[in-house]
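Please go over the structures that come below.
The same subunit A turns up in both complexes below, where it pairs with subunit B and then with subunit C.
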Partner chain A sequence: MVRAVPGWLRVGAWVFVALAAVFMLAPLVVVMGVSVSASQFIAFPPNGFSFRWYERALGSPAYLNAFWLSLNLAVLVTISASLLGGAAAIGLSRGGRSGGAVETFFLSPLVLPSIIFAIGLLMLWSAVFGPTSFQALWLAHTVIAIPYVIRTTLAVLAERDPFLEEAARTMGATRLKRLWFVTLPQCRPGLLAGAFFAFNISFDEAVLSLFLRNPNLTTLPVQIYGQLEFSPDPTVAAVSTLMILITIALMLILERMLGLTRFASG
Partner chain B sequence: MTDRRETWLFLLPGLALLVLGFVLPITRMLVLSVQGPDGFTTDQFARFFQDGFYPSILWRTVYLSAIITAVCAVIGFPLSYIMARSGPRVRLWLVIMVILPLMTSVVVRTFGWMVLLGRNGLIASTLRDFDLVGRSFQLMHTETAILLGMVQVLLPFMVLSLLGVIVRLDPRLEEAARTMGCSFLQTMRMVVLPLAAPGLLAGSILVFTLSASSFVTPALLGGPRIEVLAGSIYKNVTQTLDWNFAAAQAVILFAGIALLLVPYLRLGRRAHG
Partner chain C sequence: MSDLTLTNITKSFGKVEVLRGIDLTIRSGEFVSLLGASGCGKTTLLRIVAGLEGVSSGKVEIGGSDVTDLPPEKRDIAMMFQSYALLPHMSVSDNVRFPLRMRRVGNREEQDAKVKAALETVQLTHLADRAPRQLSGGQQQRVALARAIVSNPKVLLLDEPLSNLDARLREEMQVELIEIHRRIGLTTLFVTHDQDEALSLSDRVVLMNAGEIEQEASPREIYDAPATAYASSFLGAANLVPARIEGNVARLADGQTLPVSAGSPDGKATLALRQENVDFLDEGGLTATVITRVYLGSRHRYILDLAGQKISVLAPASVMLEPGAQARIGIAPDRVRILPA
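And now, the complex of A and B:
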């Protein structure tokens, strides 16, 4: 006879989960609350209700420029990281004996703190090309996004049917045809998930962007950071809320298309 | 074209980017840390350890990271166990609760904590209303503030590391332990915890590494007087423009993390046979 989990423990578990949820989500809820406050001071719970901070944020050239820079960057990073990471994942999935070492190397940007990479890249870029530029940020974000694409794509490729490609080969399909009609469709869910993560990482990234920033190269997180350091007002909260909403939208799409839990416990 | 060659063709573009855009910059940083006006020098390292100031920053970084890691482990283990053993609907909500903050920019989350922890923020004013603290009570710009913020930022990494391991555990092992007369808590301690140890270890290393190397949250919540190593590096790069010294500090951070990672990789290899 197995005794059931004691009742106090069940209740305790629910209380614990509720507290954890409050702890994890409170900062986001608070930011959203401040953004619709009518008062000009940052206060939570908000006083009154208004959208005026959104109006001000959308009318501010500094925020708009930062937004367009971040968006451009994230789109280009998504493309470059998906191409390079996807190709690498296909190569790794076919890998022979040396596969493990090469995979570790590809995933190393995940393990190494980005501050160490950031300072190195800034120093090398300055020595070779001079002042930092959009290309430097593009390179930096691509390097840290590639491991995510590789991981999601490899996870999907590990579950595929390896004999499909074998079958295509015996039927006389060329390498390119096999890639286009067999391997790529097999990669699709992993590649898509990886692309979403790549976009999200680039759009939200702060460390590399802070090290590589210059007056003409201020991404949205860097702009927010600068405001927080000096004079936070509810406009920052409005911009932050928009960033949270973009994240929620990305997550919803990811969940609808592929299922979140699948990539969460991989 | 052979299959082998095709495989390398897939790997090559990514490898090239990583060598040029990742390995080379880090090498450059390592070189700069020991480069002086007349060639090789260890002056920058000597300067770091010359008086008590920088070692105290290093020490604060280490103990804060250790506490943050421990708190993440204590909250993360039960949370990921509940996630692993709950039904698909509940699990989805719990995954969202963990991943939504993870996918939100660190800057935004830290801003939320700044509002909560501020002098007239929700936490301080509630404590004051109940007369639990005095008028001068201050949470912002304390180590407690850094701790709270960092645990919220890093807990998802711990939970996801643990969840990956616990989901794969066979629930029948727990049932067997219960049938043999173990209480629920005994089963946790003697069956689940040892089997989840690899996830706990991986999560702890990840959380410690990320915590020791982050500066956005500590700088905003701790203020200018409570400095950590990563913040000091950032200051040297952007404000004092002392790049050689910044590189030396980055090497010290790098070395500390490598010291932590090497035994872990050894352990991992042994566990895999």
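And now, the complex of A and C:
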């Protein structure tokens, strides 16, 4: 028997949904609005309409360098985090005596405040290697991206038929062939979703990048932050809008490839 | 020649002894069922033959060579799983090709021919390019069967492959399995808890109980002449009634007597009475009290109290007795199995 949802609860639910939508979307609308403002001040609603801040952003060597650094970094982090996180997830999904403890350890960057990790890594890196470098950023971003790959891959592996691998053994598949023909295809949707998360984590990560930056190592979020602090103008909003568009484009590509929505709802 | 020989197999998980000394030989082309209740060790035994489980002691020989220490991928076997275990990201034909590809059997054209032949055997050629999830349960099952027979293994292992199908489909698949086995004659070891399946499919039934072989015999023999009380209660749900043999009669607990075939030693015994062998009489015979009547359409099932023992009996629909009434029943002497008490 289905009991009717009381009216007040129904109204409450719609209010909740509306509030959530407003607070998630309104900041994006404001940023996009400011980015096409004709005025040189950051103000909403925008005064007039112009693309001059986009021109300025795309013509600024500081922003272009920061963008290429962030893109390079994000691509490398996507690869390293997917490889390491995927391998870890496959290992963890097989269980084992200390599996729970290892999983908690791998996922700890999710709960550990990243500022603590950033300070610790900066001190450690300085003590061992000296000045920070691209490698330090790559390592730092990989560490915080790995848990996302592990989570998404473990989620798809949890739903697989546990007998598939045994069946493959009875059909003559050796360990490597089972990995290639059975396990990896099963991981695919989780790995792709995890890779997408890893890219985004790295691309907009600010705390670690801020601590590990040096004059030659300024990522896009750090550049945005720096400009906001010292000489704010709508260029910041233009760059942010471009970042939003890149993310949307990535999501559409991934959706085409495997259906991110199906994964997220499954 | 034998394709599969098991010698004194034992298996323990920790302190739990699952198999206690199994000896079994399967001739080339024979269809053998491992029958038993859940937990009797039949699935573990099948997994040991596949190599998915190691033995604690004993020897497994396939096609005359010792494979006890070989992993499954190096054994010449095929196994069909209860869940079918089709690879979801591969088409039907790629699933069937998989064992040939893994074992590097022949070139692409030879593999194509074998895949086609296997799909023809299970009548699925028209679905070769579909993905497994687009198929019904029965069709997935046929794909799994095609994949199991395509590499022409020395031993075909079937782990309750019919248990996920509905009743009608299951009967169809049983007939099909019999026909396919008759045609290609693979040595087959079949695990089931369903006695009808075991009796209808096999050349030989191996009844297992608590990690040991209780009885192995042809289906007819094991049904008509179960060797133990367990065998007769498991197969065909026979009624077990304690009695004392005195020459040509068996005396029940309440003193009533029943004529039996001569030749059994006098003294305590258990009578195994099949429900379909008990007749309702107008007079004479044994007296039993009706406890319950269940209408089955073409027949009635009666639950009777016979000498303090509940027994289940099938009767024609014309026999109408109310609970509490006295029923007169008889059993032909050669239909009474006398088992040691």
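In this text, the second predicted complex is superposed on the first by the 242 of 266 C-alpha atoms of A that agree within 3 Å, B and C clash if a C-alpha of one lies under 4 Å from a C-alpha of the other, contacts with A are read in each partner's own complex, and residues count from 1 in each chain.
What we mean here is this: a residue touches a chain if its C-beta (ideal position, glycine included) is under 8 Å from a C-beta of that chain, and two chains touch if they have at least 3 such contacts.
Here the structure is a predicted model, which means the values were calculated and not measured.
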item: Three-chain arrangement built on subunit A, subunit B and subunit C clash or fit; value: fit
item: Computed vertex angle (subunit A) for partners subunit B and subunit C, CA, steps of 10°; value: 100
item: Chain touching more of subunit A, residue-wise (subunit B, subunit C); value: B
item: Touching partner for A:E159 - first (subunit B), second (subunit C), both, neither; value: neither
item: Which superposed partner A:I42 touches (first subunit B, second subunit C, both, neither); value: first
item: Contacts of A:L92 with subunit B and subunit C, given as first, second, both or neither; value: first
item: First, second, both or neither for A:L210, with subunit B first and subunit C second; value: first
item: Touched partner set for A:F181, first subunit B, second subunit C, both or neither; value: second
item: Subunit B versus subunit C as contact partner of A:M251, first or second or both or neither; value: first
item: Shortest CA-CA distance between subunit B and subunit C [superposed frame, angstrom]; value: 11
item: Residues of subunit A that touch subunit C when the two form their complex; value: 161, 163-164, 166-174, 177, 181-182, 185-186, 188
item: Residue numbers on subunit C that touch subunit A, as the complex places them; value: 50-52, 71-75, 77-79, 81-83, 85, 87-89, 98-99, 102-103, 147, 151, 157
item: Parts of subunit B lying in touch with subunit A, wherever the complex brings them together; value: 1, 3-4, 6-11, 13-15, 17-18, 21-22, 24-29, 32, 75, 78-79, 82, 84, 88, 91-92, 94-101, 103-116, 118, 120-122, 152, 155-156, 160, 163-164, 167, 175, 178-179, 183-184, 209-210, 212-216, 219-220, 230, 233-234, 237-238, 243, 246-247, 250, 253-254, 257, 261
item: Subunit B-facing residues of subunit A, complex; value: 1-3, 5-6, 9, 13, 16-17, 20-21, 23-31, 34, 42-45, 83-85, 87-88, 90-92, 94-96, 102, 105-106, 108-109, 111-117, 119-125, 127, 139-140, 142-143, 146, 175, 200, 203-207, 210-211, 221, 224-225, 228-229, 232, 236-237, 240, 243-244, 247-248, 250-251, 255, 260-261, 264-266
